[in-house]
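Both of the next two complexes hold subunit A, though its partner changes from subunit B to subunit C.
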Partner chain A sequence: MSLSDVGEILARLIEDLKKKFGDKILEVNVEPKKITKVLVAPECIKEVAEYLKSEWALDYIKGVTGIDLSRLPNMAQEVLEVIYHVGSLSSEALKAVTLSLSTKISISDPVMPSLTSVWKGAEMHEREVYEMLGVNFKGHPDLRRLLLPEFWSDKPPLRKDYVAPGRER
Partner chain B sequence: MGLYARRCRGASFLLYNNYPLKFSHRKAGTFCYSLGNSKTVIESVEEEVVPSSDVEEVLRKYKHGHVYKEGGGGLKYVIYKLKNLSLIKYIINWGRLCSMWPVHLTTACCSVEFAALSGPRYDPERFGWLTAVGSLRQSDILLIEGTVTAKMAQRVRLIYDQMPEPKWVIAMGACAISGGLYAKDSYNVIQGIDDIIPVDVYIPGCPPRPETLFQGILLLRDKIMNEVIK
Partner chain C sequence: MLLQEGSAKMAKEEFKSLEVYETGPTLTFSMGPQHPGTGHFRMVITVVGDMVVRCDPDPGFVHRGEEKMCEYKTWITNIPHLERPAILDSAGMTYPYVLAVEKLMDIEPPERAKYLRVIMAELQRICSHLYWLGLMGVFAGHATMYMWCFGDREYLVDLTQLIGGQRITHSYFVPGGVRNDAPPKVPRELVKDFSRYYRMILGKDYPGGEMPEDFRKYVLAVCDFFDARLDEYYPMLLDSPIFIYRTKGIGILKREDAISLGVVGPVLRGSGVKSDTRIDEPYDAYPYIKFNVPTMDGCDSYSRMMVGYYEMKESVKIIRQAVEQMPEGPVKLKQHPVTIKVPAGEVFASAEAARGQCSFYIRSDGTDKPYRVKICSPSFRNLIAMPYLIRDVRIADIPIIYWSLNYWPVECDR
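Entry: the complex of A and B
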């Protein structure tokens, strides 16, 4: 499948999303040779995810990442962005497609609905985002830390206001 | 302000033997849950503090070769002197440096070079460096192969404490020496293992080539040869 085919499918997908959800889709970022990103509000992300899974056969979660945007040069916002990279295994046509479904939540109250009920594979990824950025996923079946030491009681280490201990000399 | 015994670089090895490092069970415990981050792991390794006014005196008191002269006395002192007669000392040290058993502990990627060293091409057994084994009670040398995280640091310390005297430690690779790639900015990498255990030989490199590792082994042999028997 060539690059233009993938672009065509994604364009149709986004058109469909816009028609279905209207102004709930806050922002769409389409650039050739980059991953297409759809930004939605945290209240309706589950709805969008369910739609994507049932109608577009995007049934495979490739990864969940989080970004702290509070120290961006020029355009700092007091938000955390959580991004779900999804693809498809069941559909032949969508095999090469990667779509990023993202949402922004405030840094002071980082709560968002968990998407484990939609994509079961997001469970471990969400646990990692939980420990690294302190995002609380509502409805997650087993929200514990994943990789950090058992004794960790400091801030989540990927937050920008976390200061690495370093070494005193 | 107090001065840590391990910070006295010149006499660190001897001071270690007199003021052993230990995990503070009051503060943290070996697998306790109340610590915060990697810095608190390091702080949980408690050391005897030498007051800065006494540093000179301590160094004079526990000088190389005079460890048992002050406190021991009597028969103990005679045995100590006997063991350090040059011929007996030479034989004991020669025996030690010709049967160095390293602990098989792999913490990171430097272990690949360590495996290359152990093979027949370099053949370290001709210099008394034997196969890495899993039995800590029979080992003499702890070779830290690379990055040590806060989680691993506690295990490393446990392993070190289980080894019998005499024991030596080699820090292999940039990460084990100073944090290497993870210096300053890491949230859970120990910034140099000399924060948690005393180190005899540092082998720089990322990772060091087997030849460099060989040089470290030869350095350690020199050190063992000139050591005072306790």
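Entry: the complex of A and C
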């Protein structure tokens, strides 16, 4: 599939999302070849995810990224961003498509709904974001630590205010 | 101690009152992290008799914090440590990183570099699959396969050493090309050593002609040799009754489950889903090369191994075409200093590593270090299949299912 086809499909998808959800889509970031990202509020992310899965057949989860945005330039308040990278395998035309569905939550109260009921494969990914960035996923079936040791009592290590030992500058 | 006559009944009751191992019908124990069959990885397994009722995978014993380390190192010095999670498949692991950085910098490597990258990635895919097949042979009670795979792997590792300069962990890919060109000539000792084995397997002389040290001829000869060896593998392992009995119908992952759990690579293709990043989102020289994506509909451990076997055949095909089509020319755009600055932005890039699709999400803030690097490694994505597959099976089947997933603990933990 050529790149222009993928671009066209993603443009149609975003048009459809805007029509369906209106103001709930806070921001759209389309960079051809790089990323197509849709930013929504944490309250309605589950609704959008369910729509994407049922109407657009985006049923294949590729990864969940958590980022601490507080050290980016021009960042007014301290926020965490959680991004779900999803694709499709049941639809032949959408195989080359990757959509990034993201939401921003405040660092002081990092709570958002879990999307494991929509994408079952997100379970381990969300557990990793939970321990690495301290995001609390409401409705996750089994929110436990995954990679960190049991005795870990410091800050979540991928937050920017955690400094790795020996790396103080 | 012998029981006194007449006191047998009482002793039995006494024994009952002393019973301290009352755990109900189930028993929970850990498999790993030092178990030789799992690598540095633990499974907490609950059994009733011999049947497993629950498996809780517990990774993290080899977690190194690669993602945090990326934030402290520069764009170029990140490459050597990023390939450490999968040293057998270092090309597959750094491929998406390099593609992502290239997308951010908006550059494209020269034509020759694209082909060299493909050759390197496919060689490493074969090396990684041979390791998989060999260890699977050990766990299926077939130790010959282990010796064969590791013996033949040596000639392919020699080839990667010739191209990349190291046996494993080459750090070969850099943004804008590859680190160095392939040598025009192969050392004479290497050809001499290989030609003996070549004659033994193929029954004819090494096709050297006047220039036996020519690089292209050597690679094609290694391809011919390895293809012939693969044909011998089939009756030895994959058609052997021992192997079929141990793997067929064990660890069934249905097509719908494979998609909804988000598994990748041979696990996904073994469940009948035709998905391969090299075909779906072709990168570098893959659009110019003809190859198939093998899939199997069995959905069991046997299908996953067969997909791995046929993938090696396809990789040989790809290497042959790449070597024949490879043009002359430069292999990198320029020598980057260690402190290059990458424009601000975010990117999500994928490549097909040996164990499946490997994706990187990278965010740059315009400085000489990445702001955030997220690695979605194939083993981490296959981890979720474990509790689903290791359920209602016998304890003896656990190593078979575990190895059929081609799970690599370090790659999962990062």
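Here is the rule we go by: the second predicted complex is superposed on the first by the 162 of 169 C-alpha atoms of A that agree within 3 Å, B and C clash if a C-alpha of one lies under 4 Å from a C-alpha of the other, contacts with A are read in each partner's own complex, and residues count from 1 in each chain.
Assume a contact is a pair of C-beta atoms (placed from the backbone, for glycine too) under 8 Å apart; a residue touches a chain by one contact, two chains touch by 3 or more.
Just so it is clear, the model here is predicted, and its values are computed rather than measured.
Novice: With the two complexes superposed on chain A, say which partner A:Lys34 touches: subunit B (first), subunit C (second), both, or neither.
Specialist: second
Novice: Using the touch criterion from the header, give the chain among subunit B and subunit C with more contacted residues in subunit A.
Specialist: C
Novice: Once the shared chain is lined up, is A:Phe151 touching subunit B (first), subunit C (second), both, or neither of them?
Specialist: Only subunit B is touched by A:Phe151; subunit C is not.
Novice: With both complexes overlaid on chain A, does A:Gly7 touch subunit B (first), subunit C (second), both or neither?
Specialist: Neither: A:Gly7 stays clear of subunit B and subunit C.
Novice: Counting only touches as set out at the top, which of subunit B and subunit C does A:Leu72 meet: first, second, both, neither?
Specialist: Touch status of A:Leu72: second partner only.
Novice: According to the stated criteria, A:Pro165 is in contact with first (subunit B), second (subunit C), both, or neither; which is it?
Specialist: first
Novice: A:Met124 in the overlay: touching subunit B, subunit C, both, or neither? Say first, second, both or neither.
Specialist: Second partner only.
Novice: Who does A:Pro42 touch here: subunit B (first), subunit C (second), both, or neither?
Specialist: Touch status of A:Pro42: no partner.
Novice: Identify the overlap between the subunit B-contacting and the subunit C-contacting residues of subunit A.
Specialist: 148-149, 157, 164, 167
Novice: Per the contact definition, I'd like the list of subunit B residues that touch subunit A in the complex.
Specialist: Those residues of subunit B that touch subunit A are 28, 31-41, 149-151, 178-179, 183-188, 191-192, 195.
Novice: Along subunit A, where are the residues that touch subunit B in the complex?
Specialist: The contact residues of subunit A facing subunit B are 148-154, 157, 162, 164-167.
Novice: Mind listing the subunit C positions that touch subunit A in their complex?
Specialist: Residues of subunit C touching subunit A: 59-60, 63, 65, 67-69, 72, 103-104, 259-263, 268, 273, 275, 280-281, 345-348, 350, 357, 359, 361, 363, 365, 371-372, 374, 376, 380-381, 383-384, 413-414.
Novice: Once bound in the complex, which stretches of subunit A touch subunit C?
Specialist: 1, 29, 31, 33-35, 37, 59-63, 65, 67-68, 71-73, 83, 85, 89-90, 95-96, 98, 100, 119-125, 128, 132, 145-149, 157-158, 164, 167
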